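Structure below; questions to follow.
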């Protein structure tokens, strides 16, 4: 109880769901003054969600937030900021059309009044100098003109800047994803200084050594729950990974060793790094840290193989989207129409759709991939996320395109369904289909015959057969990163 | 009961309901004596709005920002050139129609070339094209009103079994449009593009080809409407299409087609076209002035969008 | 001597046959005047859109271009006053016609639009002494000419109270719009004996009425060739009688000569009146024969005509 | 530190360059324009257009589009030529009400997530109807102080130039320098992050629309000052002119990338383009088409320069 009184922020038993997705399933978390808490967990574990709860952007459906021993009833963004809570979000959250100074103005609501520009410039420059000495960023520049790394530096400095209300808790959600090693070092050093001066930090990162050496205490999340919480010294790299549940899981689906090299080449592509090739019947994995060029390669492969002007009778590639909202579902349509859109060529005669064939094929796949709906005519949005994803799978598999591109397609798909889909993929591959599969999940990558590892937009390694292992992939992903 | 309820879920029902109410209010002035006359007139004039409205609907279905402002100029040019070419000879009727269609194709091509090659927003691209087309219409015959061939004039102004011939033409075009939208691959494609262009690309739809064909289709429908209207009103005038700029957009919006794209419906266009004609007739019948008429039109458009829309992220 | 003078025509709209005829007359008459050295130049300018703001800019450009006189068909009787004043201040002669301006420094060649409207009702009172119901077709809402003619018509109805206006629609001076508006209101109207119009809309009304089984009322026409032709057909078939009245597009040439006379140093009154061009049952054929197919009945003026008009105003 | 063009400076350089080019060719065609009176004549009708362009720009800054600008300015002109002269108090009340209506539109569009294009299309009928009710026939008269303001002859530079500079300066201060301006542009740039910083988006959008209404009101008053009287259709063209002006001035439809100085330059360019065309003495038949051609040419130029800018950035 003592802890609660002293805690800079204390979240009790927070529950948050987005529709059917339980993003947080009763999370209790405390951050003390003068402490850096490391937060780790697999993709979709709920890390960003708990961040939103702490920074006031999201009100938990159950549970409470307390600060300095006082339970906060009407906790919102402004209350959080008033208490000195600052956040660096996972995705870029500066206004690209504004200058750095103007962004500073947006971030600090109370900075107004005559001469704010001068003051804002001073504030952000002081902070930039403190966090990244020798940064060389002119505060008058427009954010859109900055490189990704510079933007991230500005965002981090923005969070540590002091415009009247001093920052007391700074939340860093994957802050180093675009920084090189020396800049990351500078930032982590600043975190230590900030903590030493009595501030609190929550540090989220998939780069485990950063967490291990910077955090005082490490919290491991899995599926919306906290599964482990210990002082940092009690963890080592292996222990952390184990706690995250990645290794502990049993070997899913043994990959029968297959000789592939003699199969016909179906696709090749020149990239910045090693050349990319795909053979008939192969399952090819694209691995590496998220956002290092895997999706771009898939988009490029798709663009190179599909026409924009004329309909193609026999497309070579088909695509399973991972970002359902952006380039997956057609929200106004029924499940059936969402399913059939990519294979209309086969379901029509002279451009006229044959409804019976569409219906039959739809029901066929509904059964085959177990889309849980009473009627394929229901709107697509009536399905749970996982089921929507199954429809996208069915859409791609129902075409006769020999190559299937998959852009991290298992987001939000539950374990049972995953196993079903894995089985289908293996079966289709054995019939000669090629799968090119970007995944952020190690289990899935290990299902592949061959894996390309990406770093900073280029292919840095190619692993095949038994070399496809977690250790090798991680090693290749971090190649060139000084620890 | 449930079928009645589901009827109210249809986006087009509101325009039909509104048209019916206005129709009823208008015929009640003469205690029903004007029923036949008013209905015939309504279907006759709605026909033109329906034809241009369908073209505009296809374009709007393509998604946020897609709109064709060259419709009025296209109507004028097609009408002027076709009538000049036919020169009151019945034998030239088909050639006239063909020329009108070719004009539509050329203008549609121009529109899409500007949109695609210069990346100009459709609203500005089609506006620029419309200025040039308008000049071309002036240049071709300096506004002289040439009469349509007698057979064509006769056809456009008479009725078959009490139904105006132009309404029959519009009905046929509507059926074709409905068939295209509901039954063909092309219809699926434009709807998909309107809902999400990236998703449509990833689903393997030839996005540029589809959009191009749609702009062509809109311009061709506008030119056919211009051809018919010129024959119906006894000659092409240089200001012939100007009315149809706002009308073509308004009937689409009031008809329940989503302005954010992806969702279109043909029956709504009819309801809205009838409504737009009848509301003017009603306000004229009740002796209300132009000012009130305009204000009511505006308020109706806003109310319809408030009733029907507001659920999806709109076009900004 | 005006052989060194330059005259410009500022026109706000080219989108109908009347304006096109006006421009054609202008080119024809001034072309000859330029060739024979009466004036140095007579250039026509039309704005892209029918907007007073654009025309004001156009007039300002003409000031810069150094024209000695501007002949003006104005988009608005008042909204150009600012630009016209500037032209006057720059020593430029401004002659407005058809769409006249109220700025006192400009000359006005006015058509008595009010009288035109009134005369329509007067004509009807002669043809139909016992009176009856009338349908009024108006022009474009918010425009000066529309208001004037309509006021004249209402004045006429007051003068001949046996008539009653039972319906009024806006036809925007366009056949197709008039046709649509008339067709919409017609079913709800009682029997009508006459249609009073503003020009450019009579044929549309006739088409709309012909589509019903009503008896054809007397439709006042507006001198368009298609109207006259229809009238002729009806006249030959069943002795249909009406009259047609409008302002002749050639009035632009009168304005040109007036401007030339002013530049020549003649004393000219600021307000001149031109008669509207009226076609009656007996001179229908001659007028029709003189009218270009698809055009408007027209009169072009000579320098002598202009001098006569100027003299008679004194 | 090396000097380098920021995107903002580039955005401004392109329109300024095209204005200079156009002005040079106008001077060449018509040397008389190169004088105090000449400049005033060339540019004074650009003043209301510039104000309307700023209004449109404010709406575009929050990623919306106003299709009722022209009818609204016409309506304001009608009010100014009638009430504002005869009963100033009522006139001011009506105009304040109109500005409030604009702010309310912003709120409704945001709260109900409506497409701004359709709502403002509807409003264009409403404003047009009100204008026709107010002035069924052209007429009214500009208040004397407005007339004085628009015909004043300041020393050194003509009114049109001084007014353009003042408008550009005020709008620049408001949109580019003030906190409110930053907030409004921030919404266009990244609404989510502005929201996360604790701002009320609804209030900011209402402010953007309200300010747009205010500038549009000023445009109407300025217009009446130049024309001396009003009619219901007087400014219909301003809708498209204002959009084109913003685009020409380097603004963009989305992303909150706008430039007030550029917008004023854009308005001046459009006005000058009209004069240029009339000095060229194009055949009357093609005078309308030439306007379309000029729009296309200028936008094509913009695309070319954008490409250059991108290449510059990649280096």
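Order of writing sets the labels: A, B, C and D. Residues in every chain begin at 1.
Quick note on the criterion: a contact is a pair of C-beta atoms (placed from the backbone, for glycine too) under 8 Å apart; a residue touches a chain by one contact, two chains touch by 3 or more.
Nothing here was measured: the structure is a model prediction, and the numbers come from that model.
K.L.:
Tell me which has more C-beta contacts between its two chains, C-D or A-B.
P.N.:
C-D
K.L.:
Name the chain whose C-alpha centroid is farthest from the C-alpha centroid of chain B.
P.N.:
It is A.
K.L.:
Could you tell me the distance, in whole angstrom, between the mean C-alpha positions of chain C and chain D?
P.N.:
35
K.L.:
Between chain A and chain B, what distance separates the C-alpha centroids? Give it in angstrom.
P.N.:
Between these chains, centre-to-centre, one finds 46 Å.
K.L.:
Determine the centre-to-centre distance between chain B and chain C, using the mean Cα coordinates as centres, and give it in whole Å.
P.N.:
32
K.L.:
So which bits of chain D are touching at least two other chains?
P.N.:
If we look for residues of chain D contacting two or more partner chains, we find 131-132, 136, 287-288, 291.
K.L.:
Could you list the positions in chain C whose residues touch two or more of the other chains?
P.N.:
Residues 14, 23, 48, 141-142.
K.L.:
Could you say which residues in chain B touch two or more other chains, in rising order?
P.N.:
Each of 131, 138, 142, 289-291, 312 in chain B touches at least two other chains.
K.L.:
Show me, using the given definition of touch, all chain pairs that touch one another.
P.N.:
Touching chain pairs, listed by label, are A-B, A-D, B-C, B-D, C-D.
K.L.:
Using the touch rule from the top, collect the residues of chain A that touch chain B in their complex.
P.N.:
Listed in rising order, the residues are 302, 306-312, 315, 318-319, 321, 326-333, 337, 341-342, 344-345, 348, 351-353, 395, 399, 401.
K.L.:
Quick check on the complex: what are the chain D residues that touch chain A?
P.N.:
Interface residues on chain D, with respect to chain A: 1, 6-8, 177, 179, 182-183, 185-186, 188-190, 192-199, 255-257, 313.
K.L.:
Of all residues in chain B, which touch chain C in the complex?
P.N.:
Of all residues in chain B, those touching chain C are 26-27, 29-30, 33-38, 40-42, 44-45, 131, 138, 141-147, 157, 229, 232-235, 237-240, 242-243, 277-278, 280-281, 284-285, 287, 289-291.
K.L.:
So in the complex, which bits of chain D are touching chain B?
P.N.:
63-65, 112-119, 121-133, 136, 240, 243-244, 247, 253-254, 285-293, 295-296, 299-300, 303
K.L.:
Residues of chain A touching chain D in their complex?
P.N.:
It comes out as residues 55, 57, 77-78, 81, 87, 89, 93-98, 102-103, 105-109, 111-112, 116-117, 138, 140-142, 144-145.
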